[in-house]
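For reference, chains read A, B and C in written order, and residue numbers begin at 1 within each chain.
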């Protein structure tokens, strides 16, 4: 707070205040400069909202799994953020946004300010743009955590989380947001805030991980029928959903990368889709199973939010409502479908982020107000969306699958059965997630 | 992120960055346009803070009730937000802010942009204004949830929550903020951010609901004496209070609907009243019962915040301190009073939001720095405040009472006794809020 | 919402909207005025983030201690904020920032607007500046709570928390940020956002308190060897860490006290140091004990954040990374060291805030890009840092020590042994933190 200094003469009654005035004059000398300042402040705040999503993901994952591994889940989420930020700073950001070829960046390692010189990100400074992007990278990594919960070695998680944030995710980002081949299609793919680029990447890596890892002990009976393993805290899960909703107001509107008149409209499509997804999933699961399942309602909200993320700036309010509602219906069927196929995803991450991310991206081909099929835009947008969705699916499942098999063959991916039964907390981390007296309070 | 595209020639070393520059030039071409952008961004952030209050309400309600119905409570809070947003978008917003008569709006259904054309909300765009207002609507709905906790059918909750947000709350909003008859009094009623318009509406609907519903089994002994039913998690309750406090910095300062010099002053009266309420309630309950009750301290903070909400922009710091402190004293006596009268309000919502909302609104008639009685303004302001408080009380208790009786007579309002004793989670939602292994951690 | 009024003629189809337009024109009539508005709005949002840290501290402290005193912990955190805001408003702010001498301010009591006239805080208004500063004051107070957890009388906590915020903390603030003697050193001390001024003050008061208070029953065996007393909820602790991280984006970047181009760069050093601290502490404790301890990982993140707080605006990204990583290593050794010395600090507050705060402040003498030793600046900066660190240590331990001894000799500082064994919740606050049915959920 060097500028906070109040220089007060000894015994003097009047304080001469210097404060921030000089810098103000410089920075605010024109409307354009002030607009740039506002852009940076707003995107920084948006980034903070997205970073807050880490707490939301941690709570959803913890809530929907068992108490005996809850410390492990917290640790994973803390570390994929901590290690992920460093990984993205060192290599990921350069691969994603550095100059290079159509497939990956090859310059700008270690946040090299010479490469990312002033103006490279328009009005945004390198720190602003990096902080916003690294929050997205951490989101992609943390999605995987849920699908592989309760049975993965912490060491192995640490490794693949680092690799995902340092290499795999940034490559996909480069394809579109880094000006790569998806941005150069005749009709460029539209994925405004990352239904595919962020959420599907996480979701498909989660799919690969859950398959390589295999289901939790006790998840399937002798006949291969899935059994419900209830989570240990619905309050955690739903508070997590609320926090994620809050974070999405940074995720989508912040992706405008500027403070302008488009921002509130993006926030509105986000809000409508998320709430429509929640209501639609509630009604769907209610009709299907006879009860309004709470965890599914939460996943419905997230499905609606993931679904709208691609088209949030390109669809009308009605389009957002329909996309969100359909994603809310879809997530219910997807969760049951994947569960029956022998893939054990304790939190529904594959359905929410993978399936609904892909779905939402395709819907842009129908609902985009200028280029979508329903608005006379023909099939070319839909085709580009399909190309993007399929190519990201293939790349991520292959790359993440190879990574998981490599880990499995070397340091091992899964904890021993006795540790899994006891819970990961004591063996992996030396202490239970809930202290002994939690169960003897009175 | 269409504007995030970096067009990089294959193999080229220099990235040509287009980004958001063109839009900037348009939007920021003058100081007035930039001020409008800042207004919208700030109100959007304020709206996000208010939406965050949903998590706070959920935690307070969950914390102060029993574990056996915690999933139900989470579901209610998730759904009154999800369904509430859609209800307010479809009908509520038009009733509240559309053109019409002195009692309700009759145009602008489904967020009709033709009706709410540019400039209708001053510098705020329709999406900005709607998102801020819908967050308020959701607040009103969620208040009711607490008072009716642990014994209400979920289906019935869904219905009345929808009706409240779609019809009842918007009508009251129209009376004042929509330019209706309360705004046209000789001395217009002052309720800057909704002590009456938002909080009392929720509180009086809660009163009607709790009366129609009746107390929880075991709440009163044979002689009608109330028994304490301790909540299951004080940490949830107090973290909820902190989140609500944070949200109030969107609620009150955001109600200025602009980024200007009044905003920080409003934040300060909010801060002083909330903290004064917390200290006052703590001291009061300490003197009254011999111990500083934690839940009551939390309710004291909320009472101070609810109390200042009407006058936050119109009273001095000292006025805020006094109003907050008095609300903190009042809430203690009100909670005990209502409890003894046979109305079972598990979280104290009627006292916090109804009683202290009305109290704070009346106090504006005394403390408003220009028109209040203590500043030479005479009695006309106080009279207008009283008219507003009483008319809202009558309308809401009648309308909500009729709604609750109607539900009771048709689909039923209350769960069967055996379900109430078991807890609502398993019967209503098919799974416990806390998984079985929560109680067997080591 | 006086400006939200829509004046609608009865039966008229067109709404004449007045809203905030007039005020806009006045406030936004020039770029400088708009810059000032943006400054105030941004710092207000930063203050809200810092206030949110109260919830983070409450969760960390609750999570790392036992369930039987959790309500007491929540109450302490709620009250050091509530009472602290009032204490700082009445006296603390004047001592810290009022005109006076080199050691404390003597004017501006009760937020006297005559003393703190327009321009006193540059572009920031009195309310904005106060709200930001009071959030810092509350932070200093709440740090102490953790180190003295599970054995302190609530009444005594109330008293010393008030005294700390009203007198002790403000004096230290005045020394540097109020233009006192530390600001007048030949090379003024650099403590941009308060590694020493805020965190060490809390940490050293915590040290004094923990010593005067003595360890918890059962913490040390007959031979004086420390025993681990696991906290009751790792999820609470780590969600608390995430919230604190979020809050730090207000704490450090907000300390710029303006919306300008330095803000994002400050956010970036904060982010890098916090994540480096988390990874470094994890690796350190893993190597040292064989398991990646989760609570220690969380403290590592906080250590990195505390460490960078002094130099956040004055060091490079690499400097931030190194300072954060070293703080993460240091905190592990410090926690074990203090534990072995017979000082029982249940949450590690002394190490995180005291030790790493002092460490980070000293590191500025090495890493400051203009005046640090490594950048050719010579030893004078390092010397000023040392003077600041040592003088604050001496003042706070003496002042807080005297305070604690005074309380011990009068109203008593510690609860009776039988109350400590039972837990503070029932005896001090009349009800358990977790209701009886928490342990009998199914």
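Please note the rule applied: contacts are C-beta pairs under 8 Å (C-beta built on N, C-alpha and C of every residue); 3 or more make two chains touch, one makes a residue touch a chain.
These numbers were taken from a predicted model, which means no experiment stands behind them.
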Q. Taking all residue numbers at the chain A to chain C contact, is the shared part over half or under half, that is, same or different?
A. different
Q: Could you work out the angle of the rotation that brings the CA atoms of chain A onto the matching CA atoms of chain B, rounded to the nearest 5 degrees?
A: 120
Q | Averaged-CA centre spacing for the pair chain C and chain A, given as whole angstrom | A | 29
Q: Scan chain A for residues touching two or more other chains and write them down.
A: 31, 34, 38, 45, 432-434, 436, 438-439
Q.
Touching residues of chain B toward chain C in the complex: what are they?
A. 31-32, 34-36, 38-39, 42, 45, 49, 66-68, 97, 99-102, 107, 119-124, 176-180, 183, 188, 190-194, 228, 230-235, 237-239, 241-243, 245-246, 249, 253, 255-265, 267-268, 271-272, 274-276, 278-279, 282, 289-295, 297-298, 301, 313, 317, 321, 432-434, 436, 438-439
Q.
Which residues of chain C touch chain B once you look at their complex with the stated criterion?
A. 1-8, 10-15, 17-21, 23-25, 27-31, 34, 37-38, 40-41, 44-45, 47-48, 51-52, 54-55, 58-59, 62, 70-72, 74-75, 77-79, 81-86, 89, 111, 125, 127-128, 130-131, 134, 154, 236, 425, 428-442
